[in-house]
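Look for chain A in each of the two complexes below; its partner is chain B in the first and chain C in the second.
After this line comes the complex of A and B, so read on.
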């Protein structure tokens, strides 16, 4: 399997990358390449220009600013996963990332590339939605904007980035004190794409849930926020019973076409279970370890 | 009469392969796996699926195990590559290779070079990995002969762990 010919560009600045992306409507961005290169090898994608952003200075940052952890477009999944900053400040990101692909793929794959590829069975979009991630998008004319996760994921393999634009990073809010994070996934085999997965984060003060965040991937063409479950938990006690009651409220349209390996009826059935297990895992993190 | 297709643009790359400097001019679309096998004759790197699923083509790039079918040669400008031919510079079996021999960690052997590279990278970073870390690493490889148990035993031996699984 050989990719079709393309023009290879390797800019070192964002401005040069935008110039290269403007060369042709068929230009695509190459970051880690762990989703894109398979598509090229199978000739499911035949871009005319490939803009390799791996040597654009500064895009590999993992840094905390203004109450958020910023992850640049070329920060490798393996580096993000092993980052103490990520593990301690945005633990849900680390919990989910451990379920993404294999170490050999995470060594090159990027968090931002994974989110921009937006496979509907991918884990990280649920995390981005649950945490109200913000995407740093640069338009073709160089003007920057911030796109919230709720507006970013449009459809399977489609995100809100204008043609010729570039996503330079994503940021997640730092978890408040007293926060537990949980991620639970059902997959056919280890590190495979999720059939269904839930990302949950609970913040608790004096036994009361002050903030609950839950989102699920694998139901339809976009990750879904479980707002009824979140509302049921917020303001209530941080107990296993409250979590079970909340999980029963998990709802969402389940589309058969999204995943031919897993019937919609199955995913509907296990949805509350998956949400319950993610929340339970989040709750367990909050309990003092013996 | 049709005209010949345009000659591809060649891009210069300088990299190190198994400790030796390599200068080449490559088309952008040339995959690292094909560069190693076809341009350099290093056929120890095996291509299985060609789209990142099987792990057979795994090599070390700057010490990290990566899929060589998911990298373009042109991207490796300035990098150091180690293939299975280069894991043992002195020609002796490394502890990983010896463990594969001792435990018969292969059947047809097609997936073996990738596994050797992955475990070499793992043990260089973490000489005493946990069982979970070993399994996590092996998960990135398919053995179509399903010879996984002996591969796992080989990996445990190389990591200095008991070869047989502890029960109970």
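After this line comes the complex of A and C, so read on.
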């Protein structure tokens, strides 16, 4: 486990980080290191320059602004998970994050780094897609842009960040009143990456579903939104039966190559089950506690 | 139970440590991160070894060009087979049968590579990173050869790993008991099945590592290595290098688990010394996890076919078995032991008077296979226990009752089973009450009259529950011997030296308990030393559940000799006949005159060179060396009972309850025994549901890291409930047997039987040990189970 030689930079401003990233085409951002360092050690990644953003001031925010919860690029998974703001305002983020890795890893790993890494078996991309997260991307020339989740995840381990640019944060819309969030995952062991997982959020007013958001990870090279299921629920009753019917509409191309440890036939078969279970637990949260 | 509080006063009876849940004395240091493992050892001037390994499963090496590496800055030396072939003999295999074909490993590949990961070129550079960089500067050309990874194909022998032998079957072990043909001819029913057991691996938390150093003045070589048996490593290295043992010191510092993977002698333990001898600098190598996947021994993979002869009344009269073990590319240190144990122990606790087994050791293009916690036992238990359940189901018999009917009773023990285990000897079951153990486990797991109703009711709600049992008898406490030294200093503090070098078992605690009880002293007054062949002159090691029973007995016996010596010294000091003295509470007392006494410290002091001379012929110093020889194999036994729930929509299996009732003779420390059971069950559970070292058809190992070799964590473990039974063995002076491996031995059988029980409504017949991952389980369940 000995990485190849690299140059190490630790800027304190975004402008300096961009300068460091411009040093070489092989430069790469280092956040919590929980995915990148193993790659370095295995020499599966051999960047020429590592730009450590952990000292860039102000990137660790967790704050609510304009109806969205913003999570900065250096906010640790553990801190995000234990944040009351996150738990109450974007409960789906907390529900999924609880299934990401072990406490030791979460103490160091970041939510943004996890999303930028975009392992196709990763839980959080499904949440980002389901909730229409927005990524704050800075181009190499310093110009900011906001990239919606639907455009952010390009392929396994590929996201829409230009070479030499970086992500400063991600934001999720605050859950409207009357919202329940549910996450269901099948993994090979506790806290492991997903074989398949579904993220669901239901907003209900007077027994009617006003908004349904469902996305699944583990099927292909990007998380998939379950639009048919969402449409079938929206405007209908918030009942277990409606959820079951909607889950049967869960569809998506299942690629064998994405996870050789989990046959495509298996993932196809359990897709409606995980969608149903995620939706069911979202629904359960809406029921008045006895 | 708590730590016995030694009571005050010279006459009060002293509570015993043995049998008490004494807290592990080694833990505070280890838990606070103060362990010292090989990787923590950094000697001044250390240089670093790296190894070019074969990317091919089978290929001829057509050329090796090391010139670019040799020219690189920081690279100090490069070795190929051509450079060392006159210095380094083949690596030993100590469990070869006389008719085994010689397929030994060499420290570097000799012309042909036979598995991915086989060492081809070794180099040393001044930094770890430089050594890693230099690997890409070695140019090796290969001409690929046909690859054989499948056991059946290898047995068929169309592709040969060693064409000179004309076969891939290197050893066939035979076990013949009674008249199998007659038993089958007379059988009412015959059951036949084929089982496959997959390849998984010990995977200790600490990978392997070595530091080799040559003292420039004395010319002695010190090899620090993460091993289970430093004394054997000293002998092996001496043999391979033709260097006298007196010039070799082997040190096993703290060792972070072994489970059999470090009960092997490896090429790095030869290569690092060769470099150290050349460079006169300390040479260090630490195995990466990725390397460890291919460079540390693999385990388990076997295929079994069994035929079982049964009478209508449920009596199992005969078993006719064949097995094939996928030994990998060559014989390693312990190569035939798994096949030998599986074939010798297949019948487990059952009478089965007629038995025949042929166990074939087959070479394949994979990493060499060796022992792993339980060695061949888990496979044998899985096969036998699945068959017993199959027979019970077919005969409509209760599975506990059918087992009891066929189990040896205490009255039938000792029982010569007519089989033998390589290195260990004849299989003669000594003591135990297998039936009582089974009944207790069945009761604890809830396998009473209500169980079937509970199971049916749960099924009606879509919950599929199952209970599985596995009863086992296992070989433990093998010899041939272990040595110990007990020494008392002038202050009465005791040093125990043991040749059985630990790697997590808690020897410091259990050996202290034994010696403290023998000398009737405080446990805190005892220091246990091990793991250095210069400190402990002789030893065998820690494997095969032998340390506490054999090494512990040696330590306690040595303490007993010290006690006799102390009484002799007391007789001299007190000017009294030794017959008038008794040993109590750490002191020699004059019988009937309790106040006239000398403590162990006083006596030790009196026996030193600078105090009053002892009478002629009496030995100075309270010290004794004792070699305890095992009088035969002691057999522990257990029944595991598992309760599982299967999610029939996703194939996920949850272990809801797990019970182990076991008997390892006299229990020294129940907490440590439970720890051994828990750890073993975790490994069996990992193998049954998660772990697999799979290969592609072209011989590429599929997992690379622990991200794709899935091992259980705390979050995956059930709460394990244990119960101890104690049937002391007459083979051991203190009745002790081994407890190290039973957990791993019983778990696969119990878990697979539980899964079978849960899925029985779907008409399944499980004939493999898994790993039963959710997709494989779901494939057994029809799409719409309603």
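FYI, the second predicted complex is superposed on the first by the 290 of 290 C-alpha atoms of A that agree within 3 Å, B and C clash if a C-alpha of one lies under 4 Å from a C-alpha of the other, contacts with A are read in each partner's own complex, and residues count from 1 in each chain.
In this section, contacts are C-beta pairs under 8 Å (C-beta built on N, C-alpha and C of every residue); 3 or more make two chains touch, one makes a residue touch a chain.
These numbers come from a predicted model, not from an experiment.
Peer 1: Overlay done on chain A, so just call it for chain B and chain C: clash or fit.
Peer 2: clash
Peer 1: Figure out whether A:261 sits in contact with chain B (first) or chain C (second), or with both, or with neither.
Peer 2: second
Peer 1: Between chain B (first) and chain C (second), which does A:191 come into contact with in this model arrangement: first, second, both, or neither?
Peer 2: A:191: touches chain B and chain C.
Peer 1: Check whether A:270 is in contact with chain B, with chain C, with both or with neither, and answer first, second, both or neither.
Peer 2: second
Peer 1: Touching A:57 in the superposition: chain B (first), chain C (second), both, neither?
Peer 2: It touches nothing on chain B or chain C.
Peer 1: After the superposition on A, what does A:42 contact: first (chain B), second (chain C), both or neither?
Peer 2: A:42 sits against chain B and chain C alike.
Peer 1: Kindly classify A:105 by the partners it touches after superposition: chain B alone (first), chain C alone (second), both, or neither?
Peer 2: In the superposition, A:105 touches chain B alone.
Peer 1: Tell me which partner A:5 touches in the superposition: chain B (first), chain C (second), both or neither.
Peer 2: Both partners.
Peer 1: Where on chain A do chain B and chain C both make contact?
Peer 2: Shared contact residues on chain A (touching chain B in one complex, chain C in the other): 1-5, 38, 41-42, 102, 190-191.
Peer 1: Residues of chain A touching chain C in their complex?
Peer 2: The touching residues are 1-5, 38, 41-43, 102, 186, 188-193, 195, 260-263, 265-266, 269-270, 273-274.
Peer 1: Can you name the residues of chain C that touch chain A in the complex?
Peer 2: 128-129, 131-133, 288-290, 649-652, 690, 702, 704-705, 707-708, 710-716, 773-775, 778-779, 783
Peer 1: Which part of chain A faces chain B closely enough to touch in the complex?
Peer 2: Residue list for chain A touching chain B: 1-8, 10, 33-34, 37-38, 40-42, 50, 52, 54, 78, 102-105, 107-108, 190-191.
Peer 1: Spell out the residues on chain B that touch chain A in their complex, using ranges where they run on.
Peer 2: Contact set of chain B toward chain A: 8-9, 11, 27-29, 31, 34, 50-53, 55, 58, 61, 64-67, 69-72, 74-75, 118, 122, 135-137, 139-140.
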